[in-house]
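Letters A, B, C and D mark the chains as written, and numbering starts fresh at 1 in each.
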Amino acid sequence: MAILADKNTKLIVQGITGREGSFHTQKMIEYGTQVVGGVTPGKGGEWVHGVPVFDTVKSAVEATGADASIIYVAAPYAPDAMFEAVDAGIKLVVCITEGVAVSDMMRVYDYLRDGNIRLIGPNCPGLLTPGQAKIGIMPGYIAKPGSIGVVSKSGTLTYEVVYALTQSGLGQSTCVGIGGDPVIGTNFIDVLQMFEEDPQTEKVCLMGEIGGRAEIDAAEFIKANMTKPVAAFIAGRTAPQGTRMGHAGAIVEGGEGTAEEKIDALRAAGVRIADNPEQFPELLA
Amino acid sequence: MAILADKNTKLIVQGITGREGSFHTQKMIEYGTQVVGGVTPGKGGEWVHGVPVFDTVKSAVEATGADASIIYVAAPYAPDAMFEAVDAGIKLVVCITEGVAVSDMMRVYDYLRDGNIRLIGPNCPGLLTPGQAKIGIMPGYIAKPGSIGVVSKSGTLTYEVVYALTQSGLGQSTCVGIGGDPVIGTNFIDVLQMFEEDPQTEKVCLMGEIGGRAEIDAAEFIKANMTKPVAAFIAGRTAPQGTRMGHAGAIVEGGEGTAEEKIDALRAAGVRIADNPEQFPELLA
Amino acid sequence: MNLHEYQAKEQFAKYGVPVQTGRVANTAEAAYNIAREMAVPVVVKAQVLVGGRGKAGGIKLAQTPEEAREKASAILGMSIKGHIVHKVLVVPAANIAKEIYLSVTNDRAAGKPLLMASAEGGVEIEIVARDNPTAIIKQHIDPFLGLREYQARNVAAAMGLSREHWRAFAKIAMNLYASFVGSDAVLAEINPLVVTDANELLALDGKMIIDDNALFRQQALEAQRDVSDDPPEVIHARDAGLSYVKLDGNIGCMVNGAGLAMTTMDMTKLYGGEGYGPANFLDIGGGAQADKVAMALRIILNDPQVKSVLFNIFGGITRGDEVARGILQALGEVPTNVPLIVRLNGTNAEEGRRIIEAANLPNVRYASTLTQAAQLAVQAAKGEL
Amino acid sequence: MNLHEYQAKEQFAKYGVPVQTGRVANTAEAAYNIAREMAVPVVVKAQVLVGGRGKAGGIKLAQTPEEAREKASAILGMSIKGHIVHKVLVVPAANIAKEIYLSVTNDRAAGKPLLMASAEGGVEIEIVARDNPTAIIKQHIDPFLGLREYQARNVAAAMGLSREHWRAFAKIAMNLYASFVGSDAVLAEINPLVVTDANELLALDGKMIIDDNALFRQQALEAQRDVSDDPPEVIHARDAGLSYVKLDGNIGCMVNGAGLAMTTMDMTKLYGGEGYGPANFLDIGGGAQADKVAMALRIILNDPQVKSVLFNIFGGITRGDEVARGILQALGEVPTNVPLIVRLNGTNAEEGRRIIEAANLPNVRYASTLTQAAQLAVQAAKGEL
């Protein structure tokens, strides 16, 4: 077992003929993911790395029975790609695309809330169930199967931590990058809940950053509901207040969302705090 | 017991200071309905027929504990009145207003679908639970308590039937006018289901008209799910095809929605058909 | 409210739908001049607010300006299903490679707009629906999200449209939907949408019905209403806020509520039998006051076929006393000997009856039930009363 | 992207929000002329993209045109939190009866826009939030339905606004929301919205932040971007699509991903201690290609405070070979002796390391872990390497 995806997950790639879509399709196939199809309007009938391309998600789902989709299309088109996936019956949608407008995401978020849909992202590295499936852009070699659940707002910081765990012999159940945008499909609490319920997961790593209050909410959830040990790292202790740091999740909002606040809240929930992401292995040992 | 409303229902009147709102507030109070408040923005603090007026539905609900609302505001403002009622926590909304634009109603319908909200109407006479509560504009004296459930697309036709039943000694459990507009909050099937489950209701009268396929859907539902006897009347046998007859529910759509089709479908579902609305008492006897 | 073809096309064009533009002519001479300026074969199309113009001979090809004059002359003034043609649209004749059907309407059961398309365009969609229903592709539209490009693409794929046309088709479908929303339409239809021999998509025809209930915010469209084809009583009824439809029978009906109005009509036919039935549908609406009732009665009495009038008012929001005052007001202005059968019930019915009784009118009879009222109206019409 | 007060007000006015209009002056003389034309006491307001202008002396009342010139002269050229004032806005002084706070922003947790209002306007809302949080009234907005009048009315009631102002307040709130949506803003704020002594509502100030991710469809707003206040490296970084923030330390950081960039900064401070820390935040983003990496490196090396550079690239969508090529490209154009600590991992990291190694650069050191890289960068900055 693992969460969200495993070796039975049938994946389609939206934007498969693009530069990133094509490159990562190959990487996902090499990792062992069941990539059953791709979608690029107007290119139906072509093949990419042995994967058939369809014109619409609907036709791809009908032909392949896909139950998951990954989105690599450009930001102005990503919201429609998400709507299209959902309307075609996809239950797990992972949106890698960076730079989606927040007003668009609010509409997507509202639309999805009605259905039984799981959206990861956007602006995220996707997820990796070591040894089973990779739906995203995480380098596959950094992970190995095991019992640590990893959840993170930040993409590359996730790689650091997963790599450090693997180097120390600690394998992972599933690694999930939820993205740091203001509005995202799946938040810390959703994933923590899944890890809490997943028999394979024994301990959890959480990586947050300054801005917003998602880590505070996570701390409250952990205190109230988690029986499994959690260790955490919060990026941005040295970031000056009020300065935009790359993505919107990293705006320090007047007196709220500082690293100190978040660390205090997590500590109060019994979470062990790492000062350095390479410290996780010793905290979890 | 009865369906939708009874003597414990606490009602507020949106548009209480208007001509119709004020008139029918008095009639509803005279009938015994618990009218606990009214709403007209800018007139909070006034009183109408002994009922306190509030500026917003929110404040009316907070002050009175109302659980139902009736709307008498003009058509351009009726959609917002419905949204306001729902956002204030009202669970039963009855919209009397005639002439609401269909595009507005589609938005209302979509918005309500998420919540556990019951909307009756718009463009309907509301409902009457004889001897307990009148939420609408049906003349109170035409009804008396009993075991016949009445559901109808048409307002005044409902009165005819209820009056005829009462004159023949057949009382009613609840009388519901669902309205004949293209998009309505509650359809025949919703009400038939309630009557089927309501222990007080023994038999059901249904009044439909030409246009649309709501009566065909009702016939299918009756065939599959109703154990209680149903009698029906369909108005519009003499209406020429394709001519608009008052409201949009009465457009005959090319070859579909004729009175004959509907009568045939209902008959096939075991429903007794009245040729004249005053025939119901003998059909139900 | 129905729009003429040329009005619908103007509306479509405003939202970016490529339409075959043309010009409207009121006279054969004007049609000749337009055709001469166009300097290509043209089609002369009757502009009437009713379907089936082609079958009725209201659409004609003309190779020359002279022929255009001749065809226009034949079409102008002709009656199509009772509608007199006052205008023709003159358009360049198109070279058609393929005909598509495309429309947006409302699915009342789903509570959502519905896009319908078919590769079998150019014929009446009702015929396709009957003979080959799977050829009609349906796509519901979320009223908040609007029509998305991928939905239009799914429709294009399902109807077997050649892939080279998908982008253009999707754009047309999205723009048609925008025109539907922006105009508060209940129907926006292109039939046919053609692929020309130059491989471009073009709307050759256009039909649009506007939601009467939304005209309060569509004043520019309401101002385009063509009343030239409406009889005076229809115009009067509309201005007074009455729903009125003239029928062939001889028993005038004045009723509150559409359903009860139809029921009342049905009753006159049920008891009237051969040769006797409703002269009209007339719904005075909810809460009608005296002025409106008076206008309704004047409209009914203006019909020379009317031999008796049945008033069936079951008041809820409408009040019997207001109706009674309206009847007396109209009779004061337009005295009549036509028998009047009055049946008042519901809100303030007693007061209403008292008001009429006080006027001591010799040609008024009262009924207490609908059945009795219908029977009396039939007897009166037959001269048996 | 931040808008100036005068730009935000123009945007608000476009959507029907009553704003106190004024005119912008670049010189004291221009301010004098504007004040003379207005012929009333004026307020001279610094136009800088930073808060706290009032406290910093950037907003001054002037009774006469001469005084306006004098105040403008003092304000133009002053530095407010490091931002030089290049423009002032001259507005008529208003007679204020009451000050209100009103804004629309996004509630990320709820995934919805949020209207916030307070009767305690005119002060920083953060202070109200801290000292009297219940004075801030919050109303979520459905992104599909938009702000409804009754919601604005509920807010007006909750903030204790006098009922005579409800209608005007609701209209302003709805129009402010429309400007927020129409401009793809993440913040639209009026502080204060005043009730004048003539009992009218008027926006005296305006603030607007546009979603950078939506600028692709807000080209008219992007064209208004004021870069006069931005140092060249910020402009270069933005043009190249890099996220760059100059900091006070001495260790240059080039990282892919915002979270890892902050982490890398944190590590340089953790191991650097007093006097050593990050010289910048720089996120090259996902999938950066060689040109972008080269520009990033040029920007870092252009900072004279930088004593060592730490490259921390953990490739996912970014590829190590592309980064390596970018580093070499930049070093080819701008040779440097600054120590470079290179840590590549993830996608194509091996190829990347091989490419750099092949160039045999004397000032490059490699690290395999982030800890080691940070430690090396600190040592290099201290001259201990």
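The rule is simple: a residue touches a chain if its C-beta (ideal position, glycine included) is under 8 Å from a C-beta of that chain, and two chains touch if they have at least 3 such contacts.
Since the structure is predicted, the reported quantities are computational estimates derived from the model, not experimental observations.
**Student:** Starting at subunit A, how many touching-chain steps does it take at least to reach subunit C?
**Tutor:** 1
**Student:** Of the other chains, whose C-alpha centre is the longest way from the centre of subunit B?
**Tutor:** Chain centre farthest from subunit B's centre: D.
**Student:** Could you tell me the distance, in whole angstrom, between the mean C-alpha positions of subunit C and subunit D?
**Tutor:** Spacing between the chain centres: roughly 56 Å.
**Student:** Just the number, please: Cα centre separation of subunit A and subunit B in whole Å.
**Tutor:** 49
**Student:** How many angstrom lie between the CA centroids of subunit A and subunit D, rounded to a whole number?
**Tutor:** About 27 Å separates the centre of subunit A from that of subunit D.
**Student:** Specify, in ascending order, the residues of subunit A that touch 2 or more different other chains.
**Tutor:** Correct list: 107.
**Student:** Name the residues of subunit D that each touch 2 or more other chains.
**Tutor:** 142, 144-145
**Student:** Which residues of subunit B touch subunit D in their complex?
**Tutor:** Result: residues 41-42, 44, 55-59, 80, 83-84, 87, 107, 111 of subunit B touch subunit D.
**Student:** Per the contact definition, I'd like the list of subunit A residues that touch subunit D in the complex.
**Tutor:** Of all residues in subunit A, those touching subunit D are 19-20, 24, 27, 75-76, 96, 98-107, 109-110, 125, 136-139, 142, 152-157, 159-160, 163-164, 180, 182-183, 207, 209-210, 212-214, 217, 233, 235-240, 243-250, 254-255, 275-278.
**Student:** Contact residues on subunit D for subunit B in the complex?
**Tutor:** For this pair, the touching residues of subunit D are 142, 145, 148-151, 153-154, 157, 163, 166-167.
**Student:** In their shared complex, at which residues does subunit C touch subunit B?
**Tutor:** Interface residues on the subunit C side: 106, 108-109, 111-113, 126, 129-130, 142-144, 181, 184, 186, 211, 213-214, 216-217, 243, 245, 247, 255-263, 265-270, 277-278, 281, 283, 285-287, 314-318, 345-347, 369-371.
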